[in-house]
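Listed below are the structures to be examined.
Heads up, the next two complexes both have chain A, just with different partners, chain B and then chain C.
Moving on, here comes the complex of A and B:
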């Protein structure tokens, strides 16, 4: 029995040491920065084929033939994905093409997404709008589509290499702008908790990079903890509950998306700290908007999946019509030019005129 | 009492308990905020959902069957109940309907395993897919939020300093303990799990017990789903996903044998606490997100390895 106890203690100690060894700041990912970040300057609005943003987006582009364009998403449970499909459907109606929506049978499964890419090629679609599940894993399928002369526009999570078009937000920029907004709200000084996205996910990495870049301008803001919640509300709540044990005096929390920020808000409320902690998120989703209106959350970033897929569809239709290519590979949308920050002042206008989730 | 202590001493639960104690000691030594009242309450609050979800599952596993549908069932029942709440159904009614739905899911599992004679692994796996799919359909890609306060109280409210959800979890655990250790149903579960042939010969109503175990598992999944939703103040189609394997891990870490007949609810509580504490401590220590899943995995392996090793030693001693 004694021997056994010694054995167990050493195993636990081993784990403890491993843990201690890993508690240094997150290792830099060895992943190559995708070509996508090369030029992320916003494109001037007058040069876009569309007007407006969110559900009020419109275009003059018309399809010359009834093209078949596929929208391939990551899952059908996330409102963001559902509205990406809705954006493409509206585009199909406005521009006169046929929209085919496809989603992996197993949520967020890169295997399944590769399979449906291949199916789409077999089906003979003319263009593909794609939310890649994995930046690298999807590349062979994208190249296969391109070999079959099908332009692939990528939204959200970037693909590892350049394709026909990348649209959706520039994640780095979203991180920078939200961090600035939060920093101003806490008077440029204080303690900050970052609730990270899934470790290794390209969009989460870029967003975190943006947050860190922006923080360089605020030397009086101290990041007391940076932990993952995998973009999930449950985990955002649990992580925040745990962290609030140690940092009751925290001034601000930035969640890597609205869901995790809302979890944080729930934990802050339960800890009786409502009103004392400034919470920022990303996406401007329905619940996030309600939380900004009620004051539980301070800011969010309108990542507009509706508008960005619509824009991507317009570029694809233009290309299929007469070979017009996008002005450059990465057209960030919405960008800093679109006043993407949602806060207490503009929330009513956002909800009634812009919100992509309606 | 003496007899009970003896039975624990000879069961594997004692080893998970030792594991838990070592974990607690190391944590309080390394993390200065670990042993505060607030943090202990936080740990229990977070573990409550896991307590409830794995309570019924323990009965199923004691019968040497498995229920892989617990996570999906809790998510599905959460989603349906959110729709009920949106339709302004009264809260007690929603709870009853949720539990009834859970019982229905359990009955389906019981039917597939007990009557159709499918292996429980594949039957409940299939059911979990059906339920996950139904959740997506029920929610239609939306997230429901802003539930009535009379409902969220169950997930976020307090009675004195104790969170309501912890109290509910304790009541459910006590009920399941009573069922397993003080009723014929419980005795039948243990005797069947321990030796199915002997149980058959001694006229244990095997099928009825099997149905009952799955129904119990379904009901606790339902309550777990309701409370998960009350705690989050929202429901989305994927919320049960994380619990599918975690519940089984809690039961097995707690010393309940996958071969049935050995272990019990006390062990499950310990297993759930271990799984919750490790995450809590990693958060408090500020451990890199990249390392966290690996540490959880190592902990599971360490506990089960210790358990296997001590059993082998014990058998040697007996020889």
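Moving on, here comes the complex of A and C:
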């Protein structure tokens, strides 16, 4: 009896591992988020309900009634999430609605986020701005909100199906624009290292696609290596250290976010290659901005959670006022039209007037 | 003997014998009802119940294991693993109910493996199940490449939205599992061995009971409960979620302790655990509706959990003279 059981259990575990081993590229995972809108015309930005970007954003929209609008984030430790709340709070002050901020007690827990959505519906909020923790898992909760006639605007990670609005950056577009900026800085030719984001993460996958798409226009740029650093600074440093052993003549490095790019910058400095390698990142976060100012990094993309939520709030208030819907489901913000690239020329203005992390 | 004594107490003084956690829960509901007009509504109460069922099942599992003076740190990742395995099997074309049955069997196998390592291998439960936690964590992430997997089937909405006699189906399922667990604990030799393993002097002695075999069955039974929990949460989220259960094992321990189960001497039972889980869920829901910022929430939840356990221990000591 006991031996049979042991045998059975070990076979089960073995099979589980074999299956795991075979299918690591994921058979049909959640990559069915709404298609990016690269094929259609961008929204005319003079028609946005807001002006400006980052902390300088403003609007003429005023709430006709004191609506209750909830901002639901993934956690309260990531500066990106903290500034999403701050953006909604400023929107509440400027437009005259009540901002309710909610976050899972257990960080990044999808089942807690679903509960919070249900709690928000129970509180009778008029609109929800949401950073979904998981595209698929959040859908039942979004359906409940929509059944209660509450518009849901998602930022960053999209929900699996279209909702009232999606804002935040188009990750593919960010990849294209940063790659172009880096390519121009190295004279459209040379050797490039890509530091990828976490395997399986939707935003990292889209950003990498953007990078690859843009590189098609630069046949003289050769990608010598493309490895993951999981969005982390220490991993970005280690990966780059290893790669620099082999490719000492690299001209540029693109990190999938500022953190991994900052790691790459440290490795470049340690290898004595400062000034010889152009480094690009994404987010325009505090340390990234400092690195651009000091010249350790060349470019970054202002992914502006502050402005994105502010814009989403403006669209929700417009809708609650008179039923005006956004021009289309996905309004990327900040997009190419908002001058999102941060570089040595505009870094001082960015830090003093725009930066979302202040 | 133990079982009869416990039931005797329950019948004699229902109200005066109510565990302290029942009073704390009552006070909390009153406070939240005054703090927020939307709180005491049928839909919200129904929300709290539906939301707490998956954790409730894990807490039953943790309670019987704590009664054996053990702990199972892999329960949360078992839930995630069940969610992933079920949906993957469905994707490979296995009919959804057959896939559920296979998943339950595998989950019981995982639990039994825990029991085997602890009993036969003489490895402390803490270490054995921590190892299992790591193994299941990465297995689930490998199987899904780290992302969730969406799958649609009418069964999901049927389970999460059907009501029988005004009561949601997940609550019925949990009630059935409660009865099953109660019968196992108080009406079978296996149940007697749970208390015996916990070293309760009043319980049946170990004589004639094979401790190793009992541990395999007990942890296997816990695997059954986590499997049902995993199936329910998968229906509620309509997708495979590779990390959904992470951390539930600790909330389950907290719920068991709030409910009066003790790490020593096999004292307690799953009845109190129901109240423990409801206390945690009511607290989380109430704090959101009363608009307490999430940064304060964890501290408040922690403080109330501690207070509940301390009050429970003090009251019990006084009652027992």
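Just so we're on the same page, the second predicted complex is superposed on the first by the 320 of 358 C-alpha atoms of A that agree within 3 Å, B and C clash if a C-alpha of one lies under 4 Å from a C-alpha of the other, contacts with A are read in each partner's own complex, and residues count from 1 in each chain.
By our rule, a residue touches a chain if its C-beta (ideal position, glycine included) is under 8 Å from a C-beta of that chain, and two chains touch if they have at least 3 such contacts.
It should be emphasised that the depicted structure is a prediction, and the values quoted were computed from it without experimental measurement.
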Thinking of the overlay built on chain A, is A:76 touched by chain B (first), by chain C (second), by both, or by neither?
-> both
Between chain B (first) and chain C (second), which, if any, makes contact with A:101: first, second, both or neither?
-> second
Considering only the touch criterion stated at the top, classify A:115 as touching first (chain B), second (chain C), both, or neither.
-> second
Who does A:124 touch here: chain B (first), chain C (second), both, or neither?
-> second
When the two structures are overlaid on chain A, which partner does A:266 contact: first (chain B), second (chain C), both, or neither?
-> first
Look at A:199 in the shared chain and tell me whether it touches chain B only, chain C only, both, or neither; answer first, second, both or neither.
-> both
After lining up the shared chain so the two structures overlap, which partner does A:293 touch, if you call chain B first and chain C second: first, second, both or neither?
-> neither
Following superposition on chain A, which residues of chain A contact chain B and also contact chain C?
-> 5, 8-9, 12-13, 16, 19-20, 23-27, 76, 199-200
Flag every residue of chain A that touches chain C in the complex, lowest number first.
-> 2, 5-6, 8-9, 12-13, 16-17, 19-21, 23-32, 76, 100-106, 109-112, 114-116, 118-120, 122-124, 134-137, 139-140, 160, 198-202
Within the complex, which stretch of chain C touches chain A?
-> 36, 38, 41, 43-44, 47, 51, 54, 85, 88, 91, 106, 109-110, 112-113, 116, 120, 135, 139, 142-150, 160, 212-213, 216, 233, 236-239, 241, 244, 246-247, 284-285, 287-289, 291, 293-295, 297-298, 301
Where on chain B is chain A touching in the complex?
-> 18-19, 22-23, 26, 30, 33, 36, 38-39, 42, 45-46, 135-136, 139-143, 145-146, 156, 228, 231-234, 236-239, 242, 279-280, 282-292, 294-295, 298-299, 302, 305-306, 309-310, 313
For chain A, which residues are in contact with chain B within the complex?
-> 1, 4-5, 7-9, 11-13, 15-16, 18-20, 22-27, 75-79, 81-82, 107, 196, 199-200, 225-228, 232-234, 237-239, 241-243, 245-246, 259, 262-263, 266, 269-270, 285-287, 290
